[in-house]
């Protein structure tokens, strides 16, 4: 099993969720995060003083899946979250050793 | 609010009574309790005006709660309700009499609690003595609120409250005595209708002295850069400004001190109109200038602009034509946009912009009086501005220094970092939002 | 507000009219509509006072919205706007006449909608009948707001609103009838100027009965420990307190019921002064005591302290000297600091501290009347406190029990956990902050 | 507010003066400044009423700040303080005279700044001219606030403010001239006491035209579904509603335009009672209906219900009995619950429900006048509603189209997505909560 | 070492923390997240318009532990967080290669 | 590739970000979290009732990097985030199998 972590622009959430639903990803977990990368926050002026915003709001999606489905999911996220503009985000994949569904105690593939 | 003016009002009132109770009715009058319309109208003006000025305490609280960072909001609320309370208590204990009792062309009145006459002994004036006390008390609290805004986010609670007690019990009343208490400035012909200098600059000077002694918030300036620390809650700041705007109708309007004759009532009405136009002009100039200078409208400048327009018109809200009121308020708005960044450059940290709004626009308003009121002269106005500034700034400075080297005035860097809400008063403003 | 007092006011007013319209003018008077200054001033007092007391509904709403947890804020807002609306409707439908119509030294008036006379028939009193209704209506809503604060975060909406309808339509008016409606307590000489007992303790007793029947929030007490559930928004709670403070000038001031003579106007002014000093003293004592007892100033105690000071001075805001007003308010502030933890110890869950503020400080204020007003006696005051308490507490208890065993009053534990905003009314207060 | 009414008031006032200053006192009167109780009372009514209506600007600001999404809150605050300021300035510059100066049964007055007389020349009316200006100015700002709510979250700042300038300087004053300025509708006998149509529907029509030209927020409607975008701060929206409710006592009450006679004072009092009952009924109907239709009480409907009740009673707050006032307000509340979803179905995006509240309930209120006032006829009321609607809607539509095709009125989709706070004014409302 | 990630219902936090304390888990990190899964948010009505809430509030717990303790911890979480109702959440286990305590520089097992 | 997760005190964010910039870490993702560990929240008094705060606010930084840079980054974080006081936080390292830049589709080292 793999754990896919995607950092995306906040307004892409619904598109991505729908794209994932379409390929039958039925579970995921979303966190509000702040990203630091090539895309910088616009520089702001507050009461006449300029300052640069280092962090931009992003969403982090975590999706646990069977290893076999990773590529399809990456593809779906890439298409749905991409705008071609800087700051579109990243997808990271790590190995998932064990999964448990708390309610039933089912494990691994059955727990996803 | 000068004694002089009070006597005038009394004269009018007696005349009015004469009209309302002609000879034939005198008999009846002796039997029945006195019902003198001038007394009733004047008292009503003070009470309604007083309520509106009291409401400004809430305005300052909300403005400041909105302009500080989340971690200092409960503290700011605490300071504001405490300062308003202390102001009221000390203004009864000594303040009012220091300001009004036996100043006689001099510099200071008497150190005694204000005597509140029981209703059927309340005959010395053309209005109820306690209604006047109530109105004046509310003014006094205003000066303290100004200090609270500038020094937010780094000053400890108790030394701040001690300063407030002295400011409201002694410093402000002395300033008040000089003009409204018929002291030396009044004799010289210094004019400050509702207190651009007497109230607002006084607060501003005390705040400036405090800012210098206390130093800037540690996160604000380092290695030559300015780090803005944006206010945490813009709608609260906006609400605060609207409250202050509303309260200002009482502040300026009831400073006419009489509603006994048609001329008084018209004067109060004109003051309302000018007060509103000046504030409106302050807003419009602030948003236009911030658009031109920074390419963006800055809401906090709009809010400060309204207040600067209000402070500017306060020294003379009656004689200006509407066009002049607009001009006076507009310059107030401009002052904000130019001097807020200036203070930053001078490394003076004024969290809510109280110094530009109350001190700078207050000086401007005071100096603008001769433009529309021929009883005023630029020289005398300048003397008044200077005398008030010198006294308040010096005394405040000394007081801040004493506080600094005795009980200490500044929170530790760690407290500042974590926020005063958790570290000083153990209560987060929004404990569930993070 | 007693009938007695009303008659007195009427007498004065007639005298005043006599002054203002002497014989020679009588002819003219017949032709022109009557313009009686006493009528106008008194009516104005009721209208301005009424507006200020109406404003208190917003104050309670903000105070409570700030003192509950985020998940129950929309519900608290809903309850407050609904209760104010229902109070107004039932007070017209039956409340006013139950309170004032034909009580005659007895226990209860008449069950009929209040008749609002058309303007040119509005001649029975020294003020407009509807201005009086408006003022009294606003009082009635206050009692209901108190209940809403105590029972927050666990009571269902509709049973709460049913209780409010009975409280405002019947329970409070009966209490009111006993004193202000010239009922048996009035005859005995019980004095409660603006309602420390009649309004505030009434609300407090109803709240206490509710708290006992409803039980504490499930997260509050378990295995002998107390889990504080801090309020979600301190600046809102502060705003609410400032609003209430402001409204109280109307509450106490306009309870003079007349502004027709100089003595009335002075009395109203003195009431303003005392009201403000008592509240200020409540704040200062609360912050000093919380610093001494807990090593930290507690903002929520400062807020409650202001209100307790206000409630305490409400039973007699006129006769105390300023120093006495300060003492009465100060003790109010102390009551809060000591009895809030006491209720916790008794496992009585009062979300906003309404029982200490309105019930305990209300009893204190009522018992303190004889200290400054020689017309009052401790015995009679105690009888009044006891009679009101016995009646309101018993009737409320019965009503809560009936509601509990019919439609049910308590949300499920799951609803409580998730919050009433989502589960009862499907609307989060701050849907985007989490 | 019609000229007609003003003349009447003047007549009464003169009569009153005659009473208060009988022949014997005339001598004295010549020497002393005039103290005419009618003048004083009327002026006081305008000033107090004006303050209350000014306060409504804060109410709209808070209501809208609470009903928009977090990302657009600072912008909404900016719009509200700016529109109130601009309204005041243009209403002085042209608005007032367009509305009142030389309309003479026609369609429009004079394009000139309003002349504010100096106090001792202020003798033309039975009240101070500037107090009247102040009161009318506050009305004018109300109409603009309505537009701001409907078009929130997608309109650019400057074109919006341009529209406001024209609305307050020209469109609203023309509408006002027709009835209150003694223009053609007044001649026909159209009755709209405090402006259900003249103020509220005018704002509503301008908002509707704007909503049609501007289009819906992009997130609101797609592929046949409606996506609610819940307001970000329910207690602020609740506070805003309470503020508006309070302000409405000034709006309706002071529209009696006189407090000089007992009958006036009674009328104002009755207006207070009816205004409060109508609002209360609007709330209760809205919560009952939302419970019945959706199984849940909807707080935002309760808030809108209060306002719809208030708008509905505004056209005639004096003649209805309490029961009729309740009925009129109740129908207002029902209108909200049924027409808010209707607009959604029509894909008209009204962020705060201003069109149902101000336009639909305003029409209802105007048409309901003949139910209780026999001077009104359904036909004339319908003509008034139609004429105002046709003019305001058409002119607004043209203006919006011109703005759209010149400077553009709509933010880019990206700006909308990120929120106007960051993209247009660079200032987040709650920068630390996310 | 392993990193255990548990998605639970928010109101179970205290129970879970106590259960973990009982087996001497002395450190963990909590994040507020929104979950998408079988359990949907209740459908809401706002101003007369119905809409479905896709995401439900959850908490994510991250616990770094020696490999040997994983099973005990999973068991404890399962018991404490389970209500038998849909939406009780998941437990994921991944491999943790390195751990450092910032304060002392201690590493791996000693850093937990 | 590795994924470095660091839990730090909130006010250390800027120092850490600058330290990382200095060694050319150009991307990272920050989450607000609450930590439970040796450092407890101070015990608070609310309205006269004492209670203990179990969780303290922390920030979680996630940094995806080539394996070779891990040690340097750990060192930088340790120096920048350390105050020597309890609660300074932890650094965790897990293995990262795959990385994708959404905008360009670049993968692995090129995507970081």
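Just so it is clear, A, B, C, D, E and F label the chains in written order, and each chain counts residues from 1 on its own.
Throughout what follows, a residue touches a chain if its C-beta (ideal position, glycine included) is under 8 Å from a C-beta of that chain, and two chains touch if they have at least 3 such contacts.
Predicted, not measured: the structure shown is a model, and the values here were computed from it.
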Chains touching both chain B and chain D: A, C
Where chain E and chain F overlap in contact partners, by chain label: A, C
Between chain C and chain E, centroid-to-centroid distance (C-alpha), Å: 48
CA centroid of chain C to CA centroid of chain D, Å: 31
Euclidean distance of C-alpha centroids - chain A vs chain F, Å: 18
Whole-Å separation of chain centres (CA-atom averages), chain C against chain F: 53
Numbers and ranges of chain A residues touching at least 2 other chains: 31-32, 44-46, 94-95
Residues within chain D bordering two or more other chains: 20, 22, 24, 37, 44, 48, 230, 233, 239, 296, 298, 300, 426-427, 430, 433-434
Interchain pairs in contact, sorted by label: A-B, A-D, A-E, A-F, B-C, B-D, B-F, C-D, C-E, C-F, D-E, E-F
Complex contact set, residues of chain B against chain D: 12, 15-16, 18-20, 22-24, 37-38, 41, 44, 48, 52, 69-70, 230-235, 237-239, 241-243, 245-246, 249, 253, 259-270, 272-273, 276-277, 279-281, 283-284, 287, 296-300, 302-303, 306, 318, 321-323, 326, 430, 433-434
Touching residues (chain side chain E, partner chain F) in the complex: 3, 17, 26-31, 64, 94-103, 105, 111-112
Touching residues on chain C, where the partner in the complex is chain E: 417-418, 422, 426-427, 434
Touch list for chain D against partner chain E, complex: 226-228, 230, 293-296, 298, 300-301, 337, 340-341, 344, 353
Chain E contact footprint on chain F (complex, rising order): 2, 6-8, 31-38, 54-55, 58, 60, 70, 74, 77-78, 81-95
